[in-house]
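Below, subunit A partners subunit B and then partners subunit C, in two separate complexes.
Take a look at the complex of A and B:
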């Protein structure tokens, strides 16, 4: 389904990253030099950053959301919390965050469990809420602590995830946001209730190189100058960029530095580009998140790296 | 040509690769997994100058599937 929303603005994005690092050398020591070399070339991950045991996603969100709330706390009418690793089955973490973040009791608080497409699902949901004039701002927040939910003996998934928290503020402005979304139920990527992360690499690859480019191309216009992808796998991202007609420099990646940050992947890329790679001025981007569900959601969004407030910080674990 | 593919696979897998036929599925090779499979696609692009469509990547299941593309290359 394709939908366009008018009069929106991405006002701020903030990310926090723990300082505990695991490197490709650690991975090689565990699984051998040959496997590590192949993994490094294909997947592209050189290091990940992991939260200390016992860290909750809400802990990360509280740190990430803090810079965004000073000015707009009272005007947040909807809270969308994106996670697939809540620390409780109930109550919803969005409700807890209403209290932790000091938001009003009038707030609509929802949890969104949609994996690596979660941020994009939340952006589209925020756009829907802002259709109603009573909604002034939507706070999207979330992240995952996945590093403790992997099989340490599985070389394909043991070194994959960084645990990152994010927050993003969406309000009213002059921008049109055009979305395309897709859903195809599958357990090709799964996180069993009391088990570890599992992925059928072949099925996921086939889905990613067929459905995602098709969706991106449905949104591509001549003004689009960059493609910001969920950071899943360097080889796959290069293929998506190529299949969609983007030059490599139009498809920035930070998977080498941060691995796969799940739902925080795209907010982390935005903050990293703004804070650490000098992105300035206006761009017309296609953002694309894809993964568990299977879900794939892309959006053509005007970005302004001068007026949107981006914040990136590393915290001591 | 099939010998060239065998050499490429031996380098990727870092081991001797048994005799191949066009019918040999990549997933039956010792040490194969999904990361190996992407390595095969990546190395075939680099070594043979191939550019795959999405359908070709998805359909690349046997040695013969790669052979057909190599033989069709001008």
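Take a look at the complex of A and C:
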């Protein structure tokens, strides 16, 4: 489905990253230098950042969201919490975050469990909520603590995830956001209850080089000047960019520095580009998230790196 | 693309120290793992516009098995 929403604005995005690093050298020590070299070349990850044991997603979210709420706490009418690793099956973490973040009791609080596409699903959901005039701001927050949910003996997935928290504030403005979404009822990527992350690489690859580019191309217009992808795998991202006709410099990556941050991946890329790579001024971007489900959601969004507040911080574990 | 060109591409994917023949088994010194499979799938996608669903490394025993999908 393709939908366009009018009068929106991405006001602020914030991310927090723990300071505990796992490096490709650690991976090489475990699986051997040859596998590490190939992994580094194909997947592209040089290091990941991992939360200390016992850290909850809500802990990460509180750190990420607090700076955004100083001015807008009373104007949040919807809270969308994106995670696939809540610390409880019930209650929903969004309900807990209403209290943790000091939001009003009138807030509509929802958990969104969509993995790596989660931020984009939430962005589209926020746009829907903002169709109603009573909604002033939507706070999207979330993240995942996945580094302790991998099979440490599986070289394909053991060194993949960073545990990152994020928050994003969406409100009213002058921008048009165009979305396209899809989902395909697949268990090719799964996180079994109390189990470890599993992925069928073949099915995921075929999905990412067929459905995802097709969707991105459906949104591409002449003014689009960059493609901001979920940071899944450098090899796959290069193929998607190539299939969609983007030059490599139009498809920025930070997977080398942060690995795959799951639902926080796109917010983290935005904050990293703004804070650490000097992105300024206006851009028209296609943002694309894809992952378990299989679900894929993309959006053509004007970004203003001068007026949107992007914040990135590393916290001491 | 003829078989010689395809074998050259496969040699790169498999990090082959010597030229490949169809009979070459997919075992050391060749590198045939999930990452090589990914590169092979990309090769099929971009050179032959072909998707190969539901396969894993163990479905391929020799270079001939890889070549087979470039001809179907």
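Keep in mind that, in the parts below, the second predicted complex is superposed on the first by the 317 of 317 C-alpha atoms of A that agree within 3 Å, B and C clash if a C-alpha of one lies under 4 Å from a C-alpha of the other, contacts with A are read in each partner's own complex, and residues count from 1 in each chain.
Keep in mind that, in the parts below, contacts are C-beta pairs under 8 Å (C-beta built on N, C-alpha and C of every residue); 3 or more make two chains touch, one makes a residue touch a chain.
Just so you know, these numbers come straight off a predicted model, no measurement behind them.
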{"item": "Subunit B versus subunit C as contact partner of A:156, first or second or both or neither", "value": "both"}
{"item": "Touching partner for A:213 - first (subunit B), second (subunit C), both, neither", "value": "first"}
{"item": "First (subunit B), second (subunit C), both or neither touched by A:253", "value": "neither"}
{"item": "Partner chain in contact with A:202 - subunit B first, subunit C second, else both or neither", "value": "both"}
{"item": "Touched partner set for A:38, first subunit B, second subunit C, both or neither", "value": "both"}
{"item": "Subunit B versus subunit C as contact partner of A:178, first or second or both or neither", "value": "neither"}
{"item": "On subunit A, positions contacted by subunit B and by subunit C", "value": "34, 38-39, 42-43, 156, 201-202, 205-206, 209-210, 235-236, 239, 242"}
{"item": "Subunit B contact footprint on subunit A (complex, rising order)", "value": "34, 38-39, 41-43, 156, 200-202, 204-206, 209-210, 213, 233, 235-236, 239, 242-243"}
{"item": "Touching residues on subunit A, where the partner in the complex is subunit C", "value": "34-35, 38-39, 42-43, 156, 201-203, 205-206, 209-210, 235-236, 239, 242"}
{"item": "Partner subunit A, residues of subunit C touching it in the complex", "value": "15, 31, 33-39, 41-42, 45-46, 51-56"}
{"item": "Partner subunit A, residues of subunit B touching it in the complex", "value": "12, 14, 33-39, 41-42, 51-55, 57-58"}
